[in-house]
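Before anything else, here is the set of structures, which you'll find just below.
Each of the next two complexes has subunit A plus one other chain: subunit B in the first, subunit C in the second.
Then we have the complex of A and B:
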């Protein structure tokens, strides 16, 4: 039993455990996202045939895939709470901020796992996909995924309160994540072209400051969405 | 208010007259002549309209975010009316900025649109305004609508500096502000600067005048809709 008097970290961990076990029970998001990835990848494969494409196209496509995967899966954590009516219980038994961080943690891990699977699949099936600096590539993917998950989580919390959620989610998210996407696509391209691991240092700085900014803003405003 | 309108009208007419009629010459001999800016020539005249429009669209956004924060603290519906009115007007100025910039781009760069970082940032500002109003129309209850819109405006306000200030510095831009403003040195002469800042002040005053009108209309509409229910 989680009480309001419990510590911040304990509540966060409890919310995270709850979301993880409910996800593992149904495997809805995992299955849907995996099949989504498979479908989009095969469409890309069919349309490319055996054409060789430049590196920038690969970096761009990879992030298009990750972005839409995030858009189709990450709003679920908040929407299911509304749909099942469990949000009232959650509101009664906990305080707002740890709920947000629990769900953020869940979304970050879900998207990280998805990005890993997606990237491995992508590099296996698409010819001409080569990375010059593995370190730089992993840093870019990691920072980009964390930033994307952070932005998606707060927009997901917002969208759960509105009607027409499905169509509104990408509409609201796109302008917010565009600075991140543009930067991370550049960073990924650099990682695929330049063997030096710190060639994209400027981009990392932008990504880190984006993550800090969006999380600080989320921390400040989440309470207002939650109390509503 | 009457006096303010008269002054504003005369002021903006004078600015438009100066901006369009003052000759642009290579050798400046008289006080009313503008210098030639390499690469811009006669097209430099758009500076007096396009930049103030872009400025006011950002002012509209900042005012909107300011009242969004005020709304979350006070929960007064009037703050939400102020916030959404500012955003509505910002959207109008943002569309005008995109339009004037795109016409200028056609004659300077050869195409109406080519994803220069500056064009990208104004496009995203346009998208944010669009998303803001899409979100507002998706919620029925006034309080909830106001809260969600305020939260969205604040989150957008946090990410906007990345597009406005960070991206154009990472990605090379062809936009004239680095051309005019190489190493922070302005190559406009004093006449040009006076007209430019008068235009900036005039457009800002115009924004706040239309804003006060829009605010009155929005308050009346809100009163009518809550009385009708």
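Then we have the complex of A and C:
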């Protein structure tokens, strides 16, 4: 017995809609992300004041903000299902794959929205933040965000049943997302220094490869996480 | 009636090397009902979860066949309805939204009038637009019955079926039980004699025996 592709898409969309409606009502992740963004941006703003900051530091700081925002909010999708006991209802309703991709889609769109808002706020409040190639900058942000959301989703699923989740999540995430962070910081720095949109082509290739690899691994691993 | 059959053979479950039950075997076809009883911790809920494919057994096998075709465990959920105390609803959604969302995730497409019908069946039609968070535990239990029964499953699993139900809810539960008997199989995990007497067969999970002793799953026909 197999699931037809239109059925798979419909069920993935149903899981995504459920998570979006649930988030809009409970605001578990939204509140955490909003508060994190507000406090960290304020701290950075007061620390730097009018100091001139090198481009590499801006790129690094921006991704530190996005990384920790992702850490504080994106693991919630699986953890809340586990904590509230609703995961069994999902397991009695469908197979693993559409659940994973529905939640991945939710996390990707949530983090894309957060990245857009964070970047706009960052560029408005911090002096000296300038981008030479907007196309390259947007590609870097997009690929980095999708990669980070993909990694956060599978790690969130992995740790949902563990006891010491608060500690486990960043500890487990760091080695997995380190190659992504190093590459995306380099790509963002290039976009802020070089006007050519394809100057960071090598970095784009690495980021695309990372996204493909993490999603292929997630597809294979999630079935086992789902079973017991 | 669906031509459905469930065969459980030599089932054993261990948690951290501690055996919960072992050597459980039974065979049920459409129209038959089974009561599983046993003291607390004897593995009644665990056995139901294994039958529903929510857990894997440590040894043995569960085989579900529909019209002579064996259903892979990955797809068992399509033929199972379950009501259990550890099965929780989405409390931020209304009763109607819970039905609609789960129905869509199941890939089914019931109509609005069918949802209304399900809610009326469990006497929740007047509270359909209220969020589940405001429901009493008995009302939540009723909604679980509506969810379990929505797709008319071939196999209905009931764990402590009358938990939190008032007399009216128990009557609804018994009506569903009778309807399901005409539709497929019912397996009930209970220590309530009133529930067990409704079933055709009974097994008792009385704990794991010492090495060399016969199995724990004692099946007695009624």
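Operating definition for what follows: the second predicted complex is superposed on the first by the 222 of 228 C-alpha atoms of A that agree within 3 Å, B and C clash if a C-alpha of one lies under 4 Å from a C-alpha of the other, contacts with A are read in each partner's own complex, and residues count from 1 in each chain.
To be clear about the criterion, a residue touches a chain if its C-beta (ideal position, glycine included) is under 8 Å from a C-beta of that chain, and two chains touch if they have at least 3 such contacts.
Here the structure is a predicted model, which is why all the values come from computation and not from measurement.
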item: Fit or clash - subunit C, subunit B, common subunit A; value: fit
item: Subunit B versus subunit C as contact partner of A:26, first or second or both or neither; value: second
item: Partner, of subunit C and subunit B, that touches more residues belonging to subunit A; value: B
item: Contacts of A:154 with subunit B and subunit C, given as first, second, both or neither; value: first
item: Partner chain in contact with A:14 - subunit B first, subunit C second, else both or neither; value: second
item: Contacts of A:92 with subunit B and subunit C, given as first, second, both or neither; value: second
item: Contacts of A:225 with subunit B and subunit C, given as first, second, both or neither; value: first
item: Shortest span in Å between Cα atoms of subunit B and of subunit C, once chain A is used as the common reference; value: 5
item: Common ground on subunit A, meaning residues reached by subunit C in one complex and by subunit B in the other; value: 228
item: Contact footprint of subunit A on subunit C as seen in their complex; value: 52, 54-56, 71-72, 74-75, 77, 80, 82, 84, 86-93, 97, 101-102, 104-107, 147
item: Subunit B residues within the subunit A interface of the complex; value: 72, 120, 124, 127-128, 130-131, 134-135, 138-140, 143-144, 147-148, 150-152, 154-156, 158-159, 162-163, 166-167, 170-171
item: Residues of subunit A that touch subunit C when the two form their complex; value: 1, 3, 7, 10-11, 14-15, 17-18, 21-22, 25-26, 84-86, 88-95, 98, 227-228
item: Subunit B contact footprint on subunit A (complex, rising order); value: 151, 154-155, 158, 161-164, 168, 171-172, 174-176, 178-180, 182-183, 186, 202-203, 206, 209-210, 213-214, 216-218, 220-221, 224-225, 228
